[in-house]
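The chains carry the letters A, B, C and D, assigned in the order they are written, with residues numbered from 1 in each.
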Amino acid sequence: MKKILMALMAVLTAFSSALAQEKIHITFWHAMGGSRAAFIDRMVQDFNYTHPNIEVKAQYKGSYRDTLNSAILAYKQGNAPHIVQIFEVGSQLALDSGIFMPFQNLVKPGNYALLNDFIKPVANYYRIKGNFNSVPFNSSNPILYYNKSLFKKAGLDPENPPKTFDEIVDACVKLKKAGVRYCITWPLHSWFVEQWIAEQGALLANNENGRKARATNIYINSKPMYRIMKWWKDLYDKGYYAYSGKPEDWDGANNLFVSQQAAMLITSTSDVTILENAAYEHGFKLGTGFLPVPDGIKRNGVVVGGASLWVTKGHPKKELEAAKEFLLWFTNTENEVRWHKGTGYFPVRESAVKVLKFERWFDKHPAYRAAFDQLLQTIPNRATQGALIGNFPEIRTIIENAVQEILAGKPIKAVLKEADRKADQALKRYNMSVR
Amino acid sequence: MAEAMITLKNVNKSFGKNKVLEKINFSIRKGTFTVILGASGSGKTTLLRLIAGLDFPTGGKIFINGKDVTQEEASKRNISMVFQSYALFPHMNVRENIVFGLKIRKVKKEEIEKKLSTVTKMLKIDNLLGRKPSELSGGQRQRVALARAIISERLICLMDEPLSNLDAKLRSSMRKELKSLQEKLNLTVIYVTHDQIEAMSMADEIILINNGKIEQHADPKTIYENPKTIYVAEFIGTPPMNIFNINLIKNSNIKLPENAEKAGVRPESISFERREIKIGDGEIVFCEYHGSETIYSVKVNETLINVKSIEGKHTIGEKISLYCNREQLLFFNREGRKL
Amino acid sequence: MERHSLYKSKLTALMFILPTLVILIIFLYYPTFQTFKMSLYRVAFLGLSKQFVGLENYRYIFSSPEYRKIFLNTAIFVVLSVVISLVIGLFLAVLANQKIKGKTVFRLLLIWPYALPPAVAGVIFLFLFNEQSGMVNYILKHVANIALPWLSKSYLAMGVVITAFVWKMVGYNVVFYLAALQNIPKDIIEAAKVEGASIFQTFFKVTLPMLSPITLFLVVTNTIAAFFESFTFIDLITKGGPADSTTVIIYSIYRDGFEYFKTGLAAAESVILFICVVILTLIQLRVSRRMVHYEK
Amino acid sequence: MRSNILKISVYILLTISVFIIAMPVITAFIFSTQTPAEIFSYPPKFTIGKALIENYKTAWNMYHLGRYILNTFFIAVAVTVGKIAISFLAATVLVCFDIPLKRFLFIFILLTLMMPTEIMIVALFDLVTKFGWSNSYFALIVPFLASATGTFLFRQHFLQISPAIVDAAKIEGAGPIQFAMKILFPMSTNVIAALTVIEFVYVWNQYLWPLVIIRENSKQMIQIGLRMMITGQDATNWGIVMAGAVISLLPALAVFLFLQRYLTKGLFLGSEK
């Protein structure tokens, strides 16, 4: 009798463990390397632990460009990941590629509250034609970081960073005199150009930044653009601005700032944590301020940078459900707070902001505040909503090439005109191919 | 008369348009040592390869032991072969080289060992078994190649100029060894060479080929004394037989055969002293002193005649008369056939 | 030519050669053919949409200044890097071929970059040539008090990429040149010396001509490597910048094909590159036939 | 006297060259031992830093270089062995078999020298994708199994082997397969060793193809692993990246150093006995 019972027990355990192994596997590709990858891995582990029937596997796929490309290639290859992290300017491309499904379709209308909880500027960017196609996850915008210790040394007010282009130049004169090697740095990246365009209330593409209808014309040869380039080139020519020489080299800029060769750095809010730690390690005080803007214009605000999470088509319903469950968990209030504190990316939910305010987080960590205030003060309009352009990654390359040519000494107007032509032509070919 | 071991019937071989062998017919008896002799390019090696089954005739038939093997692969013909370059497998040591064939044929291990020890002792290479071919001298390689051929105990052994890569001294001792080995094992050997001394000293029979055709097939004595053609006469002997126009001796009072165009006489048969026939008066233009004999080149009219003599006293420039006996003269017709 | 006794079994022959043929047909001939075909289409997102456009892709490539610049970049990169890596390779091989002590060690230390992964070279160069924190500028600053904008000036960036490529390629060239030098019969060199030729005369009049077959071979292999292996260096060090001044054809193929998803355009570029390779190979065949008399 | 000066200058030149060639790797190694603060200290330090073990550990574990090395090693061995076997067999047919169209076959194989993978990458991507290999080692192995270089080298080598060897093997009763396996193959050790170096290094250094075709990180190859270390949005820790560079260099270098003396022997068959 005992034996039979034992056997029965054994069968039952085997059965239940077989059931337990019947997990739903979800793959999640992201572009967060290094310490952020570790952070994501920890969050995913927590999810897997609390959701025994779902197994999420997170994979780092390189840069944002690489990750998006990889996803499209994978879809074509028939093994697309369920969830992909895609940078903001990849949104139209992602839509055009036709390999993703609108996230909103996964959410029952009764749960729309979860979607309405996203803060305005973020929702503003990702809601395309009234639809949430993806779940905002890591949002950021550019802010000014500065080295308070060097500021003090140069006789500048360490609590009052420059706010405009001219103020930057003024600060540079003093910093240079004080023996700072370079005054300011930021990665040679089209993202900053896009931000400065938005700050001036200007558009980057026709058809209301591609929001009303598909964009067919890129505005590179424009006054706002000229303002940016002129200032940039002046800084560079005077030896105030430095970059590593490689486009989109985030590290290069960070390293210059961290090694105190440059007193100011313009980069993403998402680097707050990293830079705070680095400043501590290298023995200087870190300050943060708003993105400096051209003089004589009204500060219009920034475009929400960062990335959102997309769900690919063609998976069984069970897996889509699991993916949805993971995404809602991953971006829930608690995790948003955790993510913000761990990295510096914004909390994208109103509720998370409330929690942080309640905890007096920003008072205790002033470095995190600039980004947040800058976002909240942004005026919602077509300019700050950001452009939707199908081949935005390619347009970015064209803009970055133009900047490099300008810095190398070519006349700004001619370069912008040529870049404008190139961009329009590339967009025309792109639009033809997706039609 | 022993049975025919190998028979070729009307064998032809051509490479493209180039006819290498034409209408080859012969039989070889069991246990004989047959030498295929010929200048380079005469087709002798091709002939051997046809017998081996490494090439296949364009026409005709080949029989071994009464069986038609014309289209048989080499491995099915029950023969062994020794190559001019020895063709030892460079990556195998002596032992592996020798027993390679036996292993391929899956002979039992103990049997292989037994045979190996017999053969290597016989050839005195039992102390070299672990060495690679590159560590052996020419003579040792030769013995290994022989051992590889012998160990298979096949009755027919084909040899393609096996001694030509050895130095002169070693070559002559190997000749004797080869011959006695053949007799001891009662092998049927077909031996290809361009060296008439090898042929004369070892062969039971010589097949002399020229330009893809057999000139003469006979034992060495017949070949030497009774060459069928001028080609054979001139090929054999050092120096070769003197061939001159019949006019040279027309005035001698002897009866010449009808149609005779040329006459031939061996250098050792010519004498400086009066004999039945006077070949002519001449002048010594060259002499080669060999110790036991001297070879004089004598210019008679416009013809150069070699004389082999035990007398070494004559010198260059000396005027001298040449003679020979009637039975020492051979006569050939216009086509070079002996009359 | 010596005659071989051949095996006749057709079945075995087929069995032996079939794997090679099958793989070559499926993975080399067929895709090459497909590339030609694809170059006549406008393809978006790797075939998610596709439309026949004839020679439009080629017309676009040849009429666009951007692509003309890419061809020019490719030519500059290939010519400079091949010439430099061959000259340095030959120079080092001649040095290492002298009768000196410890030459085996020297040789090893000269040829090891043969095994150097281009990605490793790329990553290291990216780090070394960083304009502000790189080692090269650090040393320059100390020695000559200058710092060069290595990656933001077009010709300097091209120079960095070429240097990385040459570094990787030199080992390969030394291997071949050393072997070729050792194959030159000593008596020829000695004969030249006896005739009273100086070291330099001997080198230029005797050694160099004797090396022409291997040089030709190396020109072709180096050129093909420059066409294709350059991808790694450019992807890692410059990403084609600054302002597309280091974008070569293979990098453009990758970018158009797998980043911008203009598959048809990428295929057309591939066809153009393929034609270059074919022409090069044909030249090699012709010239090498004329030069055989230098070989033993 | 003059020759002495010459010799000394040869030594000096060689030493300088050797040093310049090794310089980047030495620098990489030094920085691979430093912490970020040490690396970006100004002026830089040229001594072994504090993070030697930590950097290598991080590169190996956190950046999964261990996994990539294992993958690449497996793929390199598979391609090298397969390629050598397959091209050996093809060359055997081209030299030792009597078959029609031999010359045509040889040219057919040789022509593929003009078709490197990179040139048809778009179409090959499509094809391999259709086979559904994008997440498997097959994609990195199968297309590379046949080789014109290998076939060509083996063929040249076989043509130098005395024809009598074939004859002898036939007389001894070896069939074509036995001949290939027991005679030809062991006689080709130089070519095999040379090809091992060439192919191993080739596979080890693969970059564009795995970048394009492989989606699953756990199947990725080492050089792409190295690439992923520097393309993130994070601040790169160059010490760890340099450690990664050193790690991804060593195996190919080891194989090369181990077999390099066969390289010239195998490539220059003409000088062989």
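Keep this in mind: a contact is a pair of C-beta atoms (placed from the backbone, for glycine too) under 8 Å apart; a residue touches a chain by one contact, two chains touch by 3 or more.
What you see is a predicted model; the values in this text were computed from it and never measured.
S.K.: If you count the contact pairs for each chain pair, which pair has the most?
M.R.: By number of C-beta pairs in contact, the leading chain pair is C-D.
S.K.: Which one of the chains is farthest from chain A, going by Cα centres?
M.R.: B
S.K.: If I average the C-alpha coordinates per chain and also across every protein chain shown, which chain's average lies closest to the global one?
M.R.: Per-chain C-alpha centroids compared to the overall one single out D.
S.K.: Roughly how many whole angstrom separate the Cα centroids of chain A and chain C?
M.R.: Centre separation, chain A to chain C: 39 Å.
S.K.: Can you check how far apart chain A and chain B are, centre to centre, with Cα atoms defining each centre and the answer in Å?
M.R.: Computed value for the inter-centroid distance: 93 Å.
S.K.: Where the CA atoms of chain B average out and where those of chain D average out, how many Å apart are those spots?
M.R.: Distance between chain centres, rounded to whole Å: 55 Å.
S.K.: Which residues belonging to chain A are in contact with no fewer than two other chains?
M.R.: If we look for residues of chain A contacting two or more partner chains, we find 73, 76, 255, 259, 261.
S.K.: In chain D, which residues are in touch with two or more of the other chains?
M.R.: In chain D, 40, 42, 125, 167, 170, 175, 212, 227, 229-230 touch at least two other chains.
S.K.: When you check chain B against every other chain, which residues touch at least two of them?
M.R.: 49, 54, 73-74
S.K.: I'd like to see which chains touch which, written out pair by pair.
M.R.: The list of touching pairs comes to A-C, A-D, B-C, B-D, C-D.
S.K.: In their shared complex, at which residues does chain A touch chain C?
M.R.: Going through chain A, the ones touching chain C are 65, 69, 72-73, 76, 96-99, 181-182, 188, 242-248, 252, 255-256, 259, 261, 391, 393-394, 400-402, 404-405, 407-408, 422, 429-430, 432-434.
S.K.: Touching residues of chain C toward chain B in the complex: what are they?
M.R.: Against chain B, the touching part of chain C is residues 3, 5, 8.
S.K.: Please output the residues of chain D touching chain B within their complex, sorted ascending.
M.R.: 162, 164-165, 167-175, 178, 182-183, 186-187, 189
S.K.: For a test of understanding, state which residues of chain D touch chain A in their complex under the given definition.
M.R.: Touching chain A from chain D are residues 36-37, 40-42, 62, 125, 129, 132, 134-135, 212, 215-217, 227-237.
S.K.: Spell out the part of chain C that touches chain A in their complex, as residue ranges.
M.R.: 42-49, 51, 60, 66, 126, 129-133, 149-154, 157, 237-239, 241-244, 258-262
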